[in-house]
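In order of appearance the chains are A, B, C and D, and numbering begins at 1 in each one.
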Amino acid sequence: MRPTVARKQDLRSNLAERFREVRAHSRRLAQPLSDADATAQSMPDASPAKWHLAHTTWFFETMVLKPNAAGYQLFDPTFNFLFNSYYETIGERHPRPMRGLLTRPSLERIMDFRAHVDQAMETLLGADLGPEVAALIELGCHHEQQHQELLLTDILHLFAQNPTRPAYRDPEPVAVAPTPGETGWATFDGGIFEIGHDGSGFAFDCEGPRHQVLLQPFRIADRLVTNGEWISFMADGGYRKPLLWLADGWAQILAHRWEAPLYWEQRDGEWWTMTLRGMQPVDPTAPVAHVSYFEADAFASWAGKRLPTEAEWERASAGLPTAGNFAGSGRLRPKPAGTEGGLKQMFGDVWEWTRSPFTPYPGFRPAEGAVGEYNGKFMCGQFVLRGGSCATPEGHTRATYRNFFQPDKRWQFSGLRLAEDA
Amino acid sequence: MRPTVARKQDLRSNLAERFREVRAHSRRLAQPLSDADATAQSMPDASPAKWHLAHTTWFFETMVLKPNAAGYQLFDPTFNFLFNSYYETIGERHPRPMRGLLTRPSLERIMDFRAHVDQAMETLLGADLGPEVAALIELGCHHEQQHQELLLTDILHLFAQNPTRPAYRDPEPVAVAPTPGETGWATFDGGIFEIGHDGSGFAFDCEGPRHQVLLQPFRIADRLVTNGEWISFMADGGYRKPLLWLADGWAQILAHRWEAPLYWEQRDGEWWTMTLRGMQPVDPTAPVAHVSYFEADAFASWAGKRLPTEAEWERASAGLPTAGNFAGSGRLRPKPAGTEGGLKQMFGDVWEWTRSPFTPYPGFRPAEGAVGEYNGKFMCGQFVLRGGSCATPEGHTRATYRNFFQPDKRWQFSGLRLAEDA
Amino acid sequence: MRPTVARKQDLRSNLAERFREVRAHSRRLAQPLSDADATAQSMPDASPAKWHLAHTTWFFETMVLKPNAAGYQLFDPTFNFLFNSYYETIGERHPRPMRGLLTRPSLERIMDFRAHVDQAMETLLGADLGPEVAALIELGCHHEQQHQELLLTDILHLFAQNPTRPAYRDPEPVAVAPTPGETGWATFDGGIFEIGHDGSGFAFDCEGPRHQVLLQPFRIADRLVTNGEWISFMADGGYRKPLLWLADGWAQILAHRWEAPLYWEQRDGEWWTMTLRGMQPVDPTAPVAHVSYFEADAFASWAGKRLPTEAEWERASAGLPTAGNFAGSGRLRPKPAGTEGGLKQMFGDVWEWTRSPFTPYPGFRPAEGAVGEYNGKFMCGQFVLRGGSCATPEGHTRATYRNFFQPDKRWQFSGLRLAEDA
Amino acid sequence: MRPTVARKQDLRSNLAERFREVRAHSRRLAQPLSDADATAQSMPDASPAKWHLAHTTWFFETMVLKPNAAGYQLFDPTFNFLFNSYYETIGERHPRPMRGLLTRPSLERIMDFRAHVDQAMETLLGADLGPEVAALIELGCHHEQQHQELLLTDILHLFAQNPTRPAYRDPEPVAVAPTPGETGWATFDGGIFEIGHDGSGFAFDCEGPRHQVLLQPFRIADRLVTNGEWISFMADGGYRKPLLWLADGWAQILAHRWEAPLYWEQRDGEWWTMTLRGMQPVDPTAPVAHVSYFEADAFASWAGKRLPTEAEWERASAGLPTAGNFAGSGRLRPKPAGTEGGLKQMFGDVWEWTRSPFTPYPGFRPAEGAVGEYNGKFMCGQFVLRGGSCATPEGHTRATYRNFFQPDKRWQFSGLRLAEDA
């Protein structure tokens, strides 16, 4: 999360605008939620919507206002304990698995907290900000956007536990898409390339330093793996053949009886899936979502291919526009690839599992202080995902963006794209 | 839950009145709660307030209206799955530990469900009820009263998990009570006595059949054990001496590091306790509450006494008025014993652990059908508590009433009274 | 374990003889076991054979020799830590679930420990023992006999986990028994009776004080429930009908997928069972064994009967000889009832679950000191079994003997006899 | 485990010799063990010595003899179930956590199994072996050497659970070593280098293909981190400062209360450690062992350095002789670095944690069939260790050897060497 470039002076009004937009978007996301919806926590991995709304606000209060806004009054001194996520530097905090028991403060009071902080931020944004403070504010905006995606994935998980399967937003008809053709393959030469963030514009600390990598020639699929292809994998016994699986993945299958992606249910012989728009038939032309790294890896083995490395993915995405099916479209679920163009769906739709463990780039050092806890301490036991999803806020992702989750996690919008040696 | 006597014909209007009162009381209990408060579940033993409000209503819908109210329309067909507690006879049901994830239906919709059922019940209550239906309605009222107490104990547990320790009702000053004197002892002869319900008025099935028991002479304390006495027990190492404890109780202490009753916290050297009126200093003159059977038994060993059997307790309570500090007083926490009178606090304040495991009385048989699942299937691994508490609705308890919980449970208003052989 | 009578002076030579016999029997039980067999622990409930052999010896060393044998040299000072079972009075001890990791001391060294203690005991037994010491020695003999039975049940459990199903003793042909006829019923009047040990001869502390009980008229089956009857229960869906079960029992079934008694396996459509003589076909005429209290209770419900109380059982057994199929016969599994006589199989074959929780008799107080930890601290959450089993040493049980286990336990030779109200 | 080169014809007699040596070494390792020692399993990660002895033999029986030795008679058909480790291709197998319950077959019978297989192997080795069979035999030898190390680490873990702390081999005096001076640093240029096995001689499949890597300039410590340095880390609060730790590592500390390396105990203010030669004082000059990846990484952070990547380690080891303190020396614990020479202790003493997750090298594909399950399916969630340890058989390791364990594991002889960017 350490911004890698100094902020230019004329960015101030842009920054204020951006801050307002990001904050307003969180409010919009909360609109369909009741106080109870916003309070419940469906599993330790997930957090209540209320918590996301408060924690992102706590970030601005703690990191920006307290040290920089003279005379700032804390909204509520208990919030530092309640809404710190994992910053050991900041102090004690409420245990994560108990977040869902915080029925007070209410959603309404959290919204008051947001308004209180927003007001103080407006004053600060109108003053002469040094580059460090501006950088922290920008970081806070990106941080809040991350939680905007988590708010959606966590609400989906919560609603999926409810036997009545409530919809976050009303279902809408989905236009019938043409069946995607055979996967095409884009070929790339080997050689020395640079990956990682180059310092122009914002990036999280783990995206740098930019550095050289040595790649062998490879091919990468021109679209994501679809639900239809996943159904073929299942029909061929994909979930019952241990040799396709990593040992830890096979243990998951035995322990949790996985037979299909998360949220899939069979009803009268048809596959349906829970979405942010309620239960929907599985669309065979749309990209598969809610699969773990273990499943993505097993699918690739079944297909005789492999997952790309994150360097390959970044090399392939070079020069492509960061455009796609993001949360801004309101669709809130993955969309079939069109038939036009070259590499399709590189951004949006689903985060793409890579075969790269989340490790530090050469020369990486966490920042000093609390912000140094942002990414570095998670560099163990997780895999990198690239590209963003249909729940990612518009403008939040980029080619160098490194998302990361443990290989058994399925509640994010996570899918895959195949690759192979050329 | 099987009523043991036929209903008299002139009870109908009384029954309607009683039904309305009980139902109105539940609504009053829900008033201080937000939608989120009413949704959360703080542990698998507890249920959300919303669930209590819905389940008691489901009971009337399922047991009374469906079989007896011609043309009754179910409010919502999913509720049978959502709000069945444990009736295997009725069918599948939502898993208990996941009740807190039901953010929908909302509290408001549950209140609509209550109104819908109440309206249909009014029609039924105006008609010519057979004694069986009347008995089921009376059972439903007592059932709802049980859940009224649980709603309070479960909300207390929920609010106690919240670092901000919210109060269910506003704190109020507590009148200073005179320190209780030494415990007095009431002596009872041995001999053959009858215990159990005699069939006049309502009783749960497990309170009968009335039957003879053979008692040895015994003495029983004339008041409950106080917080002050409990502090002496703690000061004498009560929680650190294994020989005072049942083996399973000692294992609990080691596993959960019990050092005081549930909800007690030390602040600046003083003991405080969480109550339905928020954090309060521990009153040394008031009865100790929120202790497990294990703790009650260890205290009795430390004091050189024992707990009474349920037959002894019932013998001692014979002829006493069923009066005391119940929920109706609005105090919602135990009250010091006065200095007047003989056996004090036999009813209200705290449920009194007896040393009697919850077993069937001679000749007991569960009723046929769903209501037969009410009590009989829990006759294993639990101990009987007698007398009612400060959270028990007025008029709900009686001398033959058998409450029962596992010996490690502490979240009820449970305390103790000492006894010994005479 | 507190002996209830003073020892007579002329008992000394009898006591020495008894001590030698008991100790020799343990050695015989260990003969078929390898060092490894005697070391492994198949579950926390069970203990290694080596541990039983050492712990019973530790009992004599600690309770008898240390305080009473002048100049006695401890065999090994580490053994007090290793082989204390649960005596908090004595001090720290090795955690029970880790007993199976004690590959040293070896079985051979444990046998040396036994010889060392036996030698010191011979000296002591030759001296002028006071009645207290004599009582402790007798207690130690009975204690060792209890562990002799546990050694057998624990070895059976261990060998049952081994896919090769080794036999503790060689299989032998079982004489074909006539199919038992319909159960006969013995009827007993109600009234006041005395139960509990009267003080003549040895008894454990929990068997007294002898006291009056009030019984209603009852009938009790003249034989044990058979495997054949159990198969009928299973065929009628006994393990699939929740209404037959206590709630905790049904939870066990769901959690552990019980479908038959412990050790039963279906092979080519026939039921087989693991025994101390290896895998054997289930004999439909023999008593069912290795069922939990939950199963026994459910069977009784299915049969329209109930389990007897321990007082009823003791009343019914009054005047019967303490004879039956005990471990001394070497059969080591239950035997079909004959067709002759009245109440059959009251002693031996299988311990009979009663519906009585294990609670203190009126007036019971644990002894002072370590021996007071023997029984009293387990008076919670367990049910009483009566009569002894095919693994009980000859002469160890009696009509007042109270065995006790948690209701989910199945690895003992536990079965049932039906009863009903008369 | 796929050998990467064809075997030359004249290797046959060498192969027979090697087979005999490896097999004899396992027998020697088993000599200090009793039947019980060889049977117990101290945790699911570990296996009984008997199991190691049998499983390595099962490998030769299943992979070599069954398909290639005409008329070979299985020693015991149940062994395929009992001693398969994780080969899904081969079939069902005994659950790993229950290995310690196999008191039968005895150690003696396992030794008979070994003799039976060795005899059949001698016949086969005397015949005209094709290169594929020879390669499988060589693989079997390396496989057995891996288990020789595990047998030692597992016995150490077992004996460390025993309160009497038995020694696997007799303690011996350790020569006093001079205190190592400051760490020296060897500097390496960046550039493109080749790592991985080049195909001459045996290697496991995961060591190849040999491929190019791009390195930045780096420095690497000339010796291992010592116990003395570790004590400084502890004294400086190393185990109490969350910012030094990966998030998962800090969670381990909280859950398991780590305060020192595994096996360390404080006695009268001095640190002692359990070793294969019993309890020994911690030698401050010797390399620290039995630390997890989490601890190694935290130490490096504390020291202001980092762990090397596996490519850096392999680059640094290029050209060094594969010599060091291996199991053949009989010392069986790490040895202080001398003061002479350049990079010291690169081989032997302790496996060195690298910061590289265990991932496939570019172009890696598992072999077809059972041997393909050897390494590939573990390429998730583990970190690479390099160099071998004092428990590694002589001649088993090499510069390209990739050992791998989960980051929380401590029971191997695992330590660390520091590195930094140049």
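Everything below uses one rule, namely that a contact is a pair of C-beta atoms (placed from the backbone, for glycine too) under 8 Å apart; a residue touches a chain by one contact, two chains touch by 3 or more.
In UniProt terms the chains read A, B, C, D = Ergothioneine biosynthesis protein EgtB.
Given the structure is predicted, the values throughout are model-derived calculations rather than measurements.
Asker: Using direct touches as single steps, what is the fewest number of steps from chain A over to chain C?
Answerer: Each step joins two touching chains, and the minimum needed here is 2.
Asker: Which neighbours does chain C have in common with chain D?
Answerer: none
Asker: Taking each chain's centre as the mean position of its Cα atoms, how many Å separate chain B from chain C?
Answerer: 38
Asker: How many angstrom lie between the CA centroids of chain B and chain D, rounded to a whole number?
Answerer: 60
Asker: From the C-alpha centre of chain A to that of chain B, how far is it in Å?
Answerer: 47
Asker: Where does chain A touch two or more other chains at once, residue-wise?
Answerer: none
Asker: Across the complex, what residues on chain A touch chain D?
Answerer: It comes out as residues 86, 88-89, 192, 211-214, 216, 242-243, 245-250, 293-294, 297, 355-357, 359-360, 362-363, 372-373, 377-381, 407, 421.
Asker: Per the contact definition, I'd like the list of chain C residues that touch chain D in the complex.
Answerer: By the definition above, chain C touches chain D via 34-40, 42, 78, 81-82, 94, 98, 100-107, 158, 161-164, 166.
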